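What follows is chain A paired twice: with chain B in the first complex and chain C in the second.
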Partner chain A sequence: MSGSLVHNLVRRLAYAFISIVGVAALVFVLLRMVPGNPVATLLGEHADNETVERISSSLGLDQPLPVQFANYVLGALHGDFGESYTLGKPVSELIGPAFLNTLWLAIAAALVAWVVGIACGLLAAIRKGTVVDRLFMGFSLLGVSLPVFMVAMLLQYLFARYLHWLPVAGITDWTGYILPAIALGWGSAGSIARLVRSSVIEVLQQDYIDTARAKGRTNTQVLVLHALRNAMLPVITLMAMQFSGLLSGAVITETIFSINGIGRLSVQAIAGRDIPLLQGTTLLCTFVIVMGNLVADLLYNVCDPRVRKGA
Partner chain B sequence: MDPSQNANVTSVVEGELSLASATTSFEEPASVLRRLATDHKVAIVSTVVIVLFVLGAVFAPVLTPYQYDAINLSNRLAPPSLEHLFGTDEGGRDVLTRMLYGSRVSLVIGIVPTLLSVVLGTLIGMVAGYYGGKVDTAIMRVADIVMSFPTMLLAMVVMYTLGGGTTNVFLTMVLVGWSGVARVVRAETLKLKESEYVEAARIIGVRRARIILRHILPNCLPTIIVLFTLDIPSSILTESSLSFLGMGVQPPSASWGLMVSTGREFLYYAPWLCFAPCLAIMAIVLAFNYLGDGLRDVLDPHLQSQ
Partner chain C sequence: MTHSTLEVSHLYTSFFTEHGEVRAVQDVSLAVGRGQVVGIVGESGCGKSMVARSVMGLVRKPGKIVSGRILLKGRELTSLSEQELCTIRGRDISMVFQEPMTSLNPTMRVGRQVQEVVTIHEDVPKQEARRRALEALGAVGIPEVEARYDAYPHELSGGLRQRVMIAMAMVMRPRLLIADEPTTALDATVETQIIALIKQLAETGTSVLIISHNLGVIAQLADYVYVMYAGRVVERASVLDLFDHPLHPYTRGLLGAVSSLRGQSKTLQTIPGVVPNLAHLPAGCSFAPRCDRCVARCASEQPELVTVGSGHEVRCHLAKGADAV
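For the complex of A and B:
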């Protein structure tokens, strides 16, 4: 039994590794398909050929593509992602602090998403078919349907510019996270609420709920001890996957609220045609997503005894 | 028995088989509409909204007296009025006109790449599910890689490589979009593969390609239609986000995301520049989501809402 669990874990880790290397290779090739020598572009039109060649070879850009890729992967395994073309620092030194900023933002957004999402979904499920249900589900669908930039600008306009309650942009203290967290978290809250609702409604129709009621459990006890506990299984999976999504999908929120995170760094890298930096940020985000999916899988295994004992 | 006669028997039996499978899970469009109208009135309203948007996009030149790129510097950033219902932008262009023309871009990018990735994903998913084994493993590994890609970043990398512009937005979205569809269709195919009528078709010697296209595909259709409807709004959102970041549709073309992006500079002086296209995006995305939800409840109640 435990042997198959370990076997399962090893297999999943191997798949995760393949995914990460696959993405790295894809990005590597894509970024090198750009016509023209990046060094020539960076140095400008006044640089002579000799300089361009010298710098290209010092960056290893004159070697064949597979060799370059192998070197890159070997370096990345040691935490060396090359040096940024535009900011003159090692990429690892740049993405570290940026990732920390994104992490705080993601945690704040996840808090919004989980608290609002679970509460709305649960209330909607209990009051299924009533006005409350429609209201909360409408609110959730709106969260899923609104473009992030719209919510972000609306919040900025209303609470920062018009009411002066919160900072417009930038992070000086925790209040700076409130608006970005809502903008980023509303969409996830919407999908969590929808899943919680359908999952709770399904669980409430099961026989063991009737059994629990027959044993004399109160409505609240039935809901919390039996229904919610079982209904949370698919929700936990979604939450884990969403968290990694929040960590890598904050490009627009970070841009609008001027937060120096991974997303904003990627936009800067693209604007400056900074290939090592862009490679570093995409690789980091891929790593986060793959790990998020892995954790989601494992949580599912741990939480559901049927899955644990089964396959 | 004469081989040609044998083939004939096969086709007759097969016809009955597919008829049997068709009646169990497939519904007439009219009955789907009727059920939507009774249980999901919002879905009907959404359909009307979508049709209105499509009509607006098609008949844009007839509906508005202005040119979408006619610059009039004496009338810059004019607030909404009777002449210009949604005001004018920084070049004095009529915002409503630009939105009508922009809806062409946003709708085409919402629908066409989604259709392509649904078709591609369906074919790949059915092949993976039906053939199983190494083919399945290989396809699903590739799908895993695509799905572990941070979508916005992949889109940004592709746009960086190929440059902005409508065609490249198209390519990016198909590149990313097929994997989710393939996954769902594969699961569905695995289930259908074990069903009795597919088994029966296999026993009477129907070719594999034919089984996939005649017996599995029609039974996957309800799921595929729902996926398609629910994928359109996310494509519209992706396009608008890319254009908002300046990596999607390029000026002078008008797209809603691009209009928001340029309007952002004037957010505090002329908020209508941003919020008018935002409202359009919201309306069309909500409409497709409500329609998709309704279709899912009617066609395919087992598909989870996510």
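For the complex of A and C:
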């Protein structure tokens, strides 16, 4: 059994590597297909053609596309993602600290999403059809439907400007993460709550729940020992995939709360036509999402004995 | 006075749905003696499984026991709290369900699922619980129990899973085993093995209440049979009496459908029509709309169970007089 697990892992890692290289190539080509010359943008409108050509050649932009890509991949494998045009620093040095900030935000948001989502979903499921159920489901629908920027600004208004409990924006200590974590995590909490609810309700209808009750288990024991693990199977996959999403998609939240993370860095790179920096952030996000999906698959493998062998 | 293992009297179980009260079980009385195998037979939806669930205290909402008594060795079960019922389920009464494919927890090793029953009811060390689970699995004829103990349900065949279910039901040596269609999902050769296993259990003193729509299974296993139709017992008799002298037109119809399969008749006999809607039962006999011998009285008046011989009762207006036989 462990042999097939290792085999499975190697195969999935190979797929993951292919996905990452594929996305890197796509992003590389797309960024060069965008009309306009990044060097001209960089130098401003008064630069003469000669200077533009000189700088282009020093950046290697005059070489054929396949050569540029090969150089890029070779560099990337050594941890060299080139130098940012606008910030004048190696991309790897810029991405590192930004990723750390994003990571803290993602962890905080995931904590909100998982704790609130699972608790609400579970309570709604066992109190199906009651006021509690409707209240929690309404709350989660709100989380799923409200745009992040609106939630973010409402939170800022209520807790920072009106109540003065928490900072409006910027990270000085951990309290700075609270509002962005809620803004970012609410939507995920909503979808987790809905999935947990429907999954628990479905599992509680299963025959093996009757079996467990027929053994003499109390309702609480049946829920914890027999229903929960089975009900969590689809939820685990969602949670792992959401986490990689949180790590790569916090552009709006980071901008509103002035957090120097990957999302904000990407926005800066787009605005400045900073191709190496944008390639770096995109590659990182691809890596995170591919790895997130991989972890989701592996977790599912570990938790569900039925897929362990077949895959 | 010695008590039967199980005595059910005047049991009414209903479902309270948006469309009104659905009377799944109406005025059912039955008794199972020590070591006796009692069968309940009837079509799908006749309420036989609900009798089993009522006895187990496992009627799902919006269903509930409306009235009646359920005595296990003289102890009233219907008035017990959920907490008290939990100490009885699995220890004094246990149940084997119809679908061995879905009745086991898919993410728990089968041995653990058997062992669990022991640890729920007795404060024993893990090793002892494991030993008893292994013993129970061996007793139901599972080969290589040590290896199977750590298997997951999906790694076992349907027959083996049903054996696991029976091991689970028998590990505490309960007084009463309820088997709800235990062989319906299995193929014929496995069915024979499971029937032999249940028979063997009854010989060791366990009382068995077996529920089936399959008269063959009932004939092989049961000492005494209750025929149910639309929530009511329409006939009860010893298994020999029932097969030799069926009195209720419904019982005859059921037996006719089987004997025609055995080649005594060229055409397959069936009972025309379907089981009536339990929410809107006819005023008279609930079988009247499908009955070929129906008389005027049948449509207006609900027949009572009447004794027609020793231990033989039937719920039919025509059965009182000699014209019925």
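As a working rule, the second predicted complex is superposed on the first by the 306 of 311 C-alpha atoms of A that agree within 3 Å, B and C clash if a C-alpha of one lies under 4 Å from a C-alpha of the other, contacts with A are read in each partner's own complex, and residues count from 1 in each chain.
Convention: a residue touches a chain if its C-beta (ideal position, glycine included) is under 8 Å from a C-beta of that chain, and two chains touch if they have at least 3 such contacts.
Since the structure is predicted, the reported quantities are computational estimates derived from the model, not experimental observations.
*Asks:* In the superposed arrangement, which partner chain does A:127 touch: chain B (first), chain C (second), both, or neither?
*Replies:* Touch partners of A:127: none, neither chain B nor chain C.
*Asks:* Which partner does A:213 reach: the first (chain B), the second (chain C), both, or neither?
*Replies:* A:213 sits against chain C, while chain B stays out of touch.
*Asks:* In the superposed model, which partner reaches more residues of chain A, chain B or chain C?
*Replies:* The partner with more contacted residues on chain A is B.
*Asks:* Would you check which partner chain A:12 touches, where first means chain B only, second means chain C only, and both and neither mean what they say?
*Replies:* A:12: touches no partner chain.
*Asks:* After lining up the shared chain so the two structures overlap, which partner does A:33 touch, if you call chain B first and chain C second: first, second, both or neither?
*Replies:* Touch partner of A:33: chain B, not chain C.
*Asks:* Which residues would you name on chain A as touching chain B in one complex and chain C in the other?
*Replies:* Touching chain B and chain C on chain A: no residues.
*Asks:* Touching residues of chain B toward chain A in the complex: what are they?
*Replies:* Going by the criterion above, the answer is residues 141-142, 144-145, 148-154, 156-158, 160-161, 233, 237, 240-241, 244-245, 247, 257, 260, 264, 267-268, 271, 274-275, 278, 281-282, 285-286, 289-290, 293, 304-306.
*Asks:* Where on chain C does chain A make contact in their complex?
*Replies:* 56, 58, 82-83, 86-91, 94-95, 97, 99, 102-108, 113, 116-117, 120-121, 152, 154-155, 165, 168-169
*Asks:* Of all residues in chain A, which touch chain B in the complex?
*Replies:* Counting only chain A, the residues touching chain B are 15, 18-20, 22-23, 26-27, 30-31, 33-34, 141-142, 144-150, 153-154, 156-157, 161, 191, 194-195, 198, 234, 238, 248-249, 251-252, 255, 263, 266-267, 270, 273, 278, 281-282, 285-286, 289-290, 293.
*Asks:* Please name which positions on chain A make contact with chain C in the complex.
*Replies:* 206-208, 210-219, 226, 229-230, 233, 303-306, 309
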